[in-house]
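Chains: A, B, C, D and E, in written order; residue numbering restarts at 1 for each.
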Amino acid sequence: MIDDLPTEEETRSRFGRAALENASPVIIAIVTLIVWEIACRVFDVPRFVLPTPSMIFASLVKWHAVIATHAAQTLYTTLIGFAFAVVAGLVIGIAVGTSRLLYKALYPILIAFNSVPKVAIVPVLVIWFGIGTIPAAITAFLLAFFPIVVNVAAGLATVEPELEDVLRSLGASKRKILMKVGLPRSMPYFFASLKVAITLALVGSVISETIASNAGIGYLMLNASSRFDVPLVFAGLFVVAALGVAIYALFATVETRFTGWATRAQTARLEGTGGG
Amino acid sequence: QDKTKVNFVLDWAWQAMHGPFLIALDKGYYADEGLDVTIDRGFGSGDTIAKVAAKAYDFGFAEGTSLLKFNTENPDDQVISVLIINDESPTGVISVQKNGVTTPQDLMGKKISATQNAATVLVWPVFAQLNGLDPEGIEYLFVEPSLRDAMVLQGQADATFGFATTTVLNMVQAGVDRDDITYFTLAQYGLKPYSSGIIVRADYAKENPEVVKGFVAATVKGLVDMLADPEEGLKLLKEREPLIDEKVEAARWELAEELSILTPSVIDLGISEVQKVRYEEAAMQVAESFGIDVQPKMENYYDPSFLPSRQDRQVPEAAKERAAAK
Amino acid sequence: MDPAPTADPAPPDAFVDIDDVSLVYGRGTSRTVALHHASIAVPRGGFAAVVGPSGCGKSSLMKLVTGLMPPTRGTIRVDGATVTGPLKIAGMAFQNPTLLPWRSTLDNIMLPLEIVEPHASRLRRNRAEYVGRAEALLASVGLDGFGNRNPWQLSGGMQQRASLCRSLIHEPDLLMLDEPFAALDAFTREELWGVLQKVWMERRFTVVLVTHDLREAVYLADRIYVMSARPGRIVAARDVPFARPRSLEDTFAPEFVDIVHELRDHISRERAAA
Amino acid sequence: MIDDLPTEEETRSRFGRAALENASPVIIAIVTLIVWEIACRVFDVPRFVLPTPSMIFASLVKWHAVIATHAAQTLYTTLIGFAFAVVAGLVIGIAVGTSRLLYKALYPILIAFNSVPKVAIVPVLVIWFGIGTIPAAITAFLLAFFPIVVNVAAGLATVEPELEDVLRSLGASKRKILMKVGLPRSMPYFFASLKVAITLALVGSVISETIASNAGIGYLMLNASSRFDVPLVFAGLFVVAALGVAIYALFATVETRFTGWATRAQTARLEGTGGG
Amino acid sequence: MDPAPTADPAPPDAFVDIDDVSLVYGRGTSRTVALHHASIAVPRGGFAAVVGPSGCGKSSLMKLVTGLMPPTRGTIRVDGATVTGPLKIAGMAFQNPTLLPWRSTLDNIMLPLEIVEPHASRLRRNRAEYVGRAEALLASVGLDGFGNRNPWQLSGGMQQRASLCRSLIHEPDLLMLDEPFAALDAFTREELWGVLQKVWMERRFTVVLVTHDLREAVYLADRIYVMSARPGRIVAARDVPFARPRSLEDTFAPEFVDIVHELRDHISRERAAA
């Protein structure tokens, strides 16, 4: 009966496009680096102002073993700080997002606290916790939790009352409503905030390491900069950037699972609905 | 086993000046004194003083000039020097040949890159008067330390106020020919405060005199060894911090010896032979620059009673020869 | 047909007792009186239908009964107790299907099982059994095989049928249906009348059905309440005496058609008066 | 006909609650400060580690004139950076949120860039633009634009296709769909991101000022810290926090106008629907 | 009644020409064939109705005609041109009201005026006139005074009526109505039939109406298409010859009832076969 309709093969989305999409960030990155290299050479930018990518790369190669151990330390503190930020961000975000009183009470305080550069607080942390992993993880945490709070709260505050009513009509407890409607509905907000949070966690770790640490990329960078080894400073920056992208890639795969329902318009647009 | 745990914070990132401590650690001089020492890098002398004062560290290695201000403002948290390693300060004015800054007079009408409230900046008016110059005769460009040197290389500043031992070698790193770099220190033009050394809280020293004595003695031993054979300390430094460049650090040590460690007075009298007259005269100048209203008494800032005997503080022959060869 | 709404005193055993309830939405210029002294009583195991013009407050009434919001005046009692917050014994099919978009159709239908006791505590261990039940329910409304689809991949009528399944799965004592068949074609709709009647006769829960279809009301309900235009009052109530099970043929019987016409006339007179 | 229904007065929301809500952040702030004061005194925390609020307040009073001029500078650079961040954030966010290719291509690059501590880039900026307002505003911009990008993109990516179809069925151009559906729908995301962005803009300005400036709260703080005047450092932090809250208060009033439709559940919960 | 769908060749002047169209959703296990060689032709100024069981692809067909998505096979021509993207001459009332929640009801209704020419460029200067038009339209569906309300403050039926207004305000050449009266009670519904017929007779645009109500289809349409269950095919087409304007009384005339029954029988036979 269903005779001439397109087969599986025909409706499959074009492979070429997907390949292009996946390669695109790499292409952009490479083009950027090439432009940077050429610009530096043409305008003869001194090495201590802005080293060329090739110098940075040489530095990366030369110091790869040292960089690896420092990167491991930074990754470690970042992940600890990030993990706590996710937990605290969810908890505070839920509090702020579900209670109007807490919203009004906590928001100004949170804004005030987060307007303050954390660099100023690191020394206090060091006096209490010594230098090293703990202040770095705390700094990462302090920077990263706020975007999560804000977005989780915004997600919860904008849940459609109709969806909540479905659960309320079953006599569900506040907790159940949160678990079954509030949080799932807020996932797009939550995952958006993770993108900001992970970058801030890295920045926090690295900054703290430049202020108080014996290890980590921040330590390496300050060390290099105090010896005027600017290519190594930038090599450190590259490594931090790579760490950020790696962690992002990790949760980007999870994201689609939790927010696919919300981004269905985009998916449909890409796959084409029904047709050739 | 039951060694006293002691932690020690430096003034800055690992560099040649810290070789003596690594020798003392590596050769067991600290251990011999019954000490189990851990050493952390520092983040500027001021920060080091604050950390020691806050009891985050037992010992610190820092510039002594800042003590004056700190102790005046925090009478309950007195910090004192117990050993002076840098007899004169390597702070000074660094520039490149084409800017023609080789004496204080040359600074007039020039743009200087500097860090806010750095000791150099604060003492400049006093230094200027000392040399008969107009304190207003220079223009500052305040930036963070790592930018200071770049500003000169970029041509935005004519000279920079800072540590010659740091900046000169930074410029070499940046590809400037060593002979193209010009510098003089403030000490060379009459401002001679004693510089970096070991600091502790006054009450800590009072309560743990043996610990302090042991620490100072071991440190002096390390310093003497380093002066006798810098190679050894530099090797240990490379082990401790693989990122350093041995050639640069060797050059740095050489410069540090020349400008601040192996001064004629040290060669003659020995390490940390502090003279009350010079101390208090320089301290007066510093106090004036910092706007502190005290008549500095050396006893309040420097306590020589923890030093080992004077023989143990003599400069080794090898170093004397090296200094003479200069 | 009973002449006046106030002449409808709650029998002492009323399971759902809406007693002289008024509801006001909003303040100031957007103040709307949605319900005005409405009273309805449904005995345990009874099947009541509510008909009335668009915007007269039917959906609001449903939300009041399930405790989703409090009335401005009057009280609502369910199973003897005054309703002060959401009920735990009700199943509700909203006027809009409101399926949760992040759950598959099957998971949407199983939602009440995760909330309502005793199912919630049994669900984990007896998952397979419950899934079987949900799938059987889906099949009974003609949605076999659509359990794994996302809600937005269903047509409007299919979503509405899934929503009906969701209101039934946990076998509630009180079933509140707000125009559950509005998006269905006549045949599917009539088929589902039969399904609903069968389930109801087996389990004899209490049902309140809002509908625009008078034939549907007469086919399904024991008693039909007619509401006035906003502000909604109960302007008439009519018992439907036919034996159960009722068949589609019955709907063409003269007595049946008579009741439909009687209701129709009543409503149209009411409209003319307004 | 409508006889005994509640009057306006009766349905008005209780005044007391609103007053409590508005006062709550002040109450929390005051309590925090008192606890801080007491803790510092009880544990005898030295002034150069963590000064007491009373010292900070004294410092604020003593230096108020100086602080005011520096605060004006910081506010100025922050607002410039923030304004550019809003514009750029919207533009890039729209690009990333509406094109899947750009999403895939730009996100990793943006993450990489934002994982890098901007402190490391300020020196490069200073060398190009000199010290002062420009690098500070740029730093503020660089820190602040990313959260806006992320949230605008997330908002656009999650627009319900049904709402877009309303516009599409009228033959609306992509631009019109964006203006009439995409952006209004994304307002809750956008305003959430502004809360993060404003704090980051402030942090950016201040950090840049500590690295290279002759004015601004950052300059003041570094200056104070190198003089061991820790109370003044904290006074600076307080002022920055106050600036953050002030700017937040400003756009919080606008926010309700643009996102009220999305937070109607909360509003309803507070006002009570219909009943006493 | 025309026997077979393929025997319904598009007249050369067809305004809407759905030519042998098939539609497949999804891939793999969720692959659904929604439409299967469906053909419909509506002349300019014609009024076509489409009836069919829930889930048979009626809404999908509407979306294909307005160009919201492309068919998998076959072509769709409107006003002679093949549809490759969203049309600019259509007004559509979706099955769900989909009012934009951030706009007041009035602003929702005025939305098409901000998009569609020539209104878009005239709107700013002639705002008052257009607001008047929107308010008149609101009044005609019984929503006078509700323009300043938010959409979620309207009842289900009121939202649907607002959505109908939105599809009409810009006086489109092609009006696509997907069950526009499903959420309305019989009286409101019948009233709106009259309103729609009047507007249509005045302006003679082309209409495609999806409905589950056969009386509605016969009252309003010139020609009625009957679809099979999924995958949707056109299994019959029926012209409705009655003169215009048709009145509610006409719907009780035997010829009218006959057509309703004829359609009904056709559908029920089709169901039995499936």
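Here is the rule we go by: contacts are C-beta pairs under 8 Å (C-beta built on N, C-alpha and C of every residue); 3 or more make two chains touch, one makes a residue touch a chain.
Just so you know, these numbers come straight off a predicted model, no measurement behind them.
The minimum number of touch steps separating chain B from chain C is 2.
For the criterion of most C-beta pairs in contact, the winning chain pair is A-D. Among the remaining chains, the Cα-based centre furthest from that of chain C is the centre of B. For the pair chain D and chain E, the distance between mean C-alpha positions equals 47 Å. Chain centres here are Cα averages; for chain A and chain B they lie 42 Å apart.
Averaged C-alpha coordinates put the centre of chain A at 18 Å from the centre of chain D. Of all residues in chain D, those that touch two or more other chains are 49, 127, 161, 210, 262, 264.
Multi-chain contact residues of chain C (touching two or more other chains) are listed as 25, 60, 96, 152. Shown for chain B are the residues that touch two or more other chains, namely 50, 54, 146, 150, 154. Across the complex, chain A is touched by residues 63, 66, 68, 86-92, 94, 96, 98, 100-103, 111-112, 114-116, 150, 152, 170, 176 of chain C. For chain E in complex with chain C, the residues that touch the partner chain are 25-26, 29-30, 32, 51-55, 57-60, 95-96, 142, 148-149, 153-158, 161, 179, 182-189, 212-214, 264, 267-268, 271. Residues 12-15, 40-41, 43, 47, 50-51, 54, 56, 145-146, 149-150, 153-154, 166, 169-171, 173-175, 241-245, 248 of chain B are the ones touching chain A in the complex. Those residues of chain B lying in contact with chain D across their complex are 46, 50, 53-54, 66, 69-70, 73-74, 76-77, 115-118, 141-144, 146-147, 150-151, 154, 156. Contact residues on chain A toward chain C in their complex (touch as defined above): 162-163, 165-172, 176, 180-181, 184-185, 187, 258, 261-262, 264.
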